[in-house]
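Just below sit the structures, each encoded as structure tokens.
Shared between the two complexes below is chain A, which pairs with chain B and chain C, respectively.
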Partner chain A sequence: MSATAERPAARGLAREIGAVIAKDLLLEWRSRARLLATVLFGIVALALFSFAAGADVAVLERGAAGFLVLALLLSSTLGLAESFRVEQDDSAMEGLLLLPIDPHALFYGKALGNTLFLSLLGPVLAVAAVVFYAVEVGPRALVQLVLLWVLAAAGLSAPGTLYAAMTSRARSQDVLLPLIHYPLVVPVLLAAVKSIDLILNGDPMGQLGSWTALLAGFALVYWSLGGVLFPLAVEE
Partner chain B sequence: MGGRGAVLACPGDMSRSGGVAIRTRHLGRRFGPSWALAHCDLEVAVGESLLVAGANGSGKTTLLRLLAGLLRPTTGSIEIFGLEARAHRLACRRRLSLVSHQAFLYERLTALESLRLWARIRGGRANDAALGALLEEVGLAERRDSLVEAFSAGMRKRLTLARARLEEPDLLLLDEPFSALDVPGRRLVERWIAEGAARGATVLLASHQLEQAAVVCRRAIVLRRGQIEWEGAAAEAAARFEATA
Partner chain C sequence: MGRQRITTIAGVLGVVLLLAGSYIGLFVAPPERHMGDVARILYVHVPCAWNSLLCYTFAFGFAIASLATRRPRWDQLMTGAVEVGVVLNVLLLLQGMLFARPTWGIWWTWGDVRLVFSFLMFLLFAGVLALRAFVDDPARRGTWTAIATVAAFVDVPLVYYCVRWWRSLHQMQSTPETMDAAMVLPMRINAFGVLFLAWWLIAARAELERRRQAFDEVAEPAAVVVAGRA
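What follows is the complex of A and B.
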């Protein structure tokens, strides 16, 4: 049997991805610890940024995009590490790997679950930003913000899932994960900050499309590379 | 086993490989500077039951984990039913089950949810009635909706056995399958191995309880410091190595 023939059909892959996502959502619902910790951490981070920036409303408004994306990045570290901690208890992920599951399905299932998880942070952090930074958002901008937030979450989740898998067996995962994750996602960070800033503070030069395309491009690269490299990361 | 066949369908046959279920050549695995397994040349025929004996740290678990595809070999190669194991990982995994020291369970899933997850990934039509029957067989029917985190070691082992029985595997890799089980649990494992052997499944049984294992295995190998030190009849191995392996 050739390697190509062994590749599961798209339906099989979709079923496996669905099973991984459903399992992660159920586990998350059971404990809710990760969700609670990540949301609280994001809100605290936004509050601390507002204290650091001072009481100048103009400064706060100008920095709001950066603060929001940084809060997402910092919160993601907590969430991503936790998403693989549950796989390490009782070597549960090895149990999945013993099944005829395509490792790519495992990656895309986990990464999609993490994207969904980080996307859900958006509305909460947006409300916090309105409170702390006096940000005003119209209905159209709100839709754009939601889409960009999901894109940024996807851009952070793919490499984050890969690195969380790589570091999940390390004793010092909490230190290692941000050390290797943060430098890699700088392009996503820059593109997301610039795009959100253009939405919040106006886009007179029409640059939003370019920055969004850049963000989507990096997300696409990370999702593709993550799928290729993940099988190597989970094999001992 | 009642209802098990309805849980999942067995994938296509690929065992026409001259009757060899497992073939390893120069198989070795190193952890840091030390070799857990080295120069392991092993051939197990289809339908054969092989006892893998040896003292703690002799390489039994490493051998089984390599065969299951959970470890990457440092040297050598593995063929499962004639297929190179690393190149045809998924095809090989469709035909084997590993019961290990570790239960490989999610603490915050119930017994039924765990089976549902595995059945769904395996691609079978897993209905709760069939999965419930499986849980009943391993003595967990009353705890089907309990979270795994509340399970004792023996109950976890029973759930692992149920998982391994989701599909009738052609190759059973059993690493200390009797440990943590009470007497009825051990009988269950013995019956399962006997049933597997009767339908032509290949069994690799790593155990310290050689006399018990010799009942279900004909041939044995004894590992020492990661190498095959002795090979012969399982009954003879039980007589010679019971005190040391």
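What follows is the complex of A and C.
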């Protein structure tokens, strides 16, 4: 295929991805239930970690990076599951698949929507962490944290979207999604915790780059793999 | 010679090789210089590790073939390979703990990447089996198991290469050059023993799955007529 023929095809795919994201955002905006529930769940998780770790500020500060990423991971389960649960009402998923759009656009639209959704959790949970765990963040560290948070959200969203598409149509979906999603995203958990810890507490050995590269590599693998496998996962 | 006969021979050969290799490992090979007799567990631990990774690699290949061709045979073989891989993975973890206690002084550590990734590998493929158990539709069950197998397989190269990328407690891979010849022999015999046994088990599990699928395809009668009743 020539380059000129490829360009309109890519533009068409981008337009379809945009349409899927716009549909999901509109649905979310009308009820705002998913966003509220997920944000509240994240805050509850952070509070519970504080109770489990005790009142020692030093312990809480040391564990802040881990608590933040765990709160993101636990909240992601709610968000990811809900992103496909809405498609089960009135067989909406079948309707989506009957539309003349590329199934890849459906995956990338859903995954980007989920990434955006999880990224929005960042500011709320970061404020909660500052309050609960006495974390101090400078302006430069804040920018690094935001970028890292988006990367971690992308790493969780790609495999999560693929799995949520399958488990939403299986028995015991609430158990299944975390059961298969959590072990898969442990590299995201490890890399994100280590990176946030290095941003918050200093990086004398210059390790931040390699941990961020691991996070980016993981995201790249599963965004590519998800695009290939998703059309097979949703076919009837 | 029929396929079933060949796999049965492989199973018998596997048991014979395992018995021979274990005998040589326990009674003929010399004790390890620093760890003594404790190191003899390596003659089953390492073959379990190799073959567990190999079974997952077979499962990955069968999953790709299943997604590409949709032939039930690949799905049946994939199920067998994942299940045998999980069993060997559990054995690997248990043997590793038994070996770690006298040599490292602990049963388990989260600070070692090889241990963590091996455990994750078990969780990932056990999750694949859980997913399979929760899907009722046979076509979806096959496709989704294959997709989850492909996604989980990304961890397998990590398990193999992690000891080179991140140095921690677990030693790097041994080679015949780094081992005494008397120790290489039982390890090789047992590695082939476990491989042949795994071959037989995968084939047997695939056959069981084929029969189960054939049974499920038989339509239930619309109504059962009981003698003497309308």
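Criterion: the second predicted complex is superposed on the first by the 228 of 236 C-alpha atoms of A that agree within 3 Å, B and C clash if a C-alpha of one lies under 4 Å from a C-alpha of the other, contacts with A are read in each partner's own complex, and residues count from 1 in each chain.
What we mean here is this: a contact is a pair of C-beta atoms (placed from the backbone, for glycine too) under 8 Å apart; a residue touches a chain by one contact, two chains touch by 3 or more.
Just so it is clear, the model here is predicted, and its values are computed rather than measured.
**Student:** Once the structures are superposed on A, label A:88 by its partner contacts, choosing first (chain B), second (chain C), both or neither.
**Tutor:** In the superposition, A:88 touches no partner, neither chain B nor chain C.
**Student:** After lining up the shared chain so the two structures overlap, which partner does A:201 touch, if you call chain B first and chain C second: first, second, both or neither?
**Tutor:** So A:201 meets neither chain B nor chain C here.
**Student:** So, does A:23 touch the first partner chain B, the second partner chain C, both, or neither?
**Tutor:** After superposition on chain A, A:23 lies in contact with chain B alone.
**Student:** If you count the residues of chain A that each partner touches, which comes out higher, chain B or chain C?
**Tutor:** B
**Student:** Should A:15 be classified as contacting the first partner (chain B), the second (chain C), both, or neither?
**Tutor:** first
**Student:** Would you check which partner chain A:159 touches, where first means chain B only, second means chain C only, and both and neither mean what they say?
**Tutor:** Only chain C; A:159 stays clear of chain B.
**Student:** Looking at the overlay, what does A:221 touch: chain B (first), chain C (second), both, or neither?
**Tutor:** After superposition on chain A, A:221 lies in contact with chain C alone.
**Student:** Can you list the residues of chain A that touch chain B in one structure and chain C in the other?
**Tutor:** In chain A, residues 235 are touched by chain B and also by chain C.
**Student:** Inside the complex, what are the residues of chain C that reach chain A?
**Tutor:** Touch list, chain C to chain A: 67, 116, 120, 123-124, 127-128, 130-131, 134-136, 140, 143-144, 147-148, 150-152, 154-155, 158.
**Student:** How about chain A: which of its residues touch chain B in the complex?
**Tutor:** 1, 3, 6, 8, 12, 15-16, 19, 23, 26-27, 30-31, 86, 89-92, 94-102, 235-236
**Student:** Contact residues on chain B for chain A in the complex?
**Tutor:** Touch list, chain B to chain A: 11, 14, 68-72, 83, 87-91, 93-94, 97-98, 102-109, 113, 117-118, 120-123, 147, 156, 163.
**Student:** For the complex, which residues does chain A have touching chain C?
**Tutor:** 159, 162-163, 166-167, 169-172, 176, 179-180, 183-184, 186-187, 221-222, 225, 229, 232-233, 235
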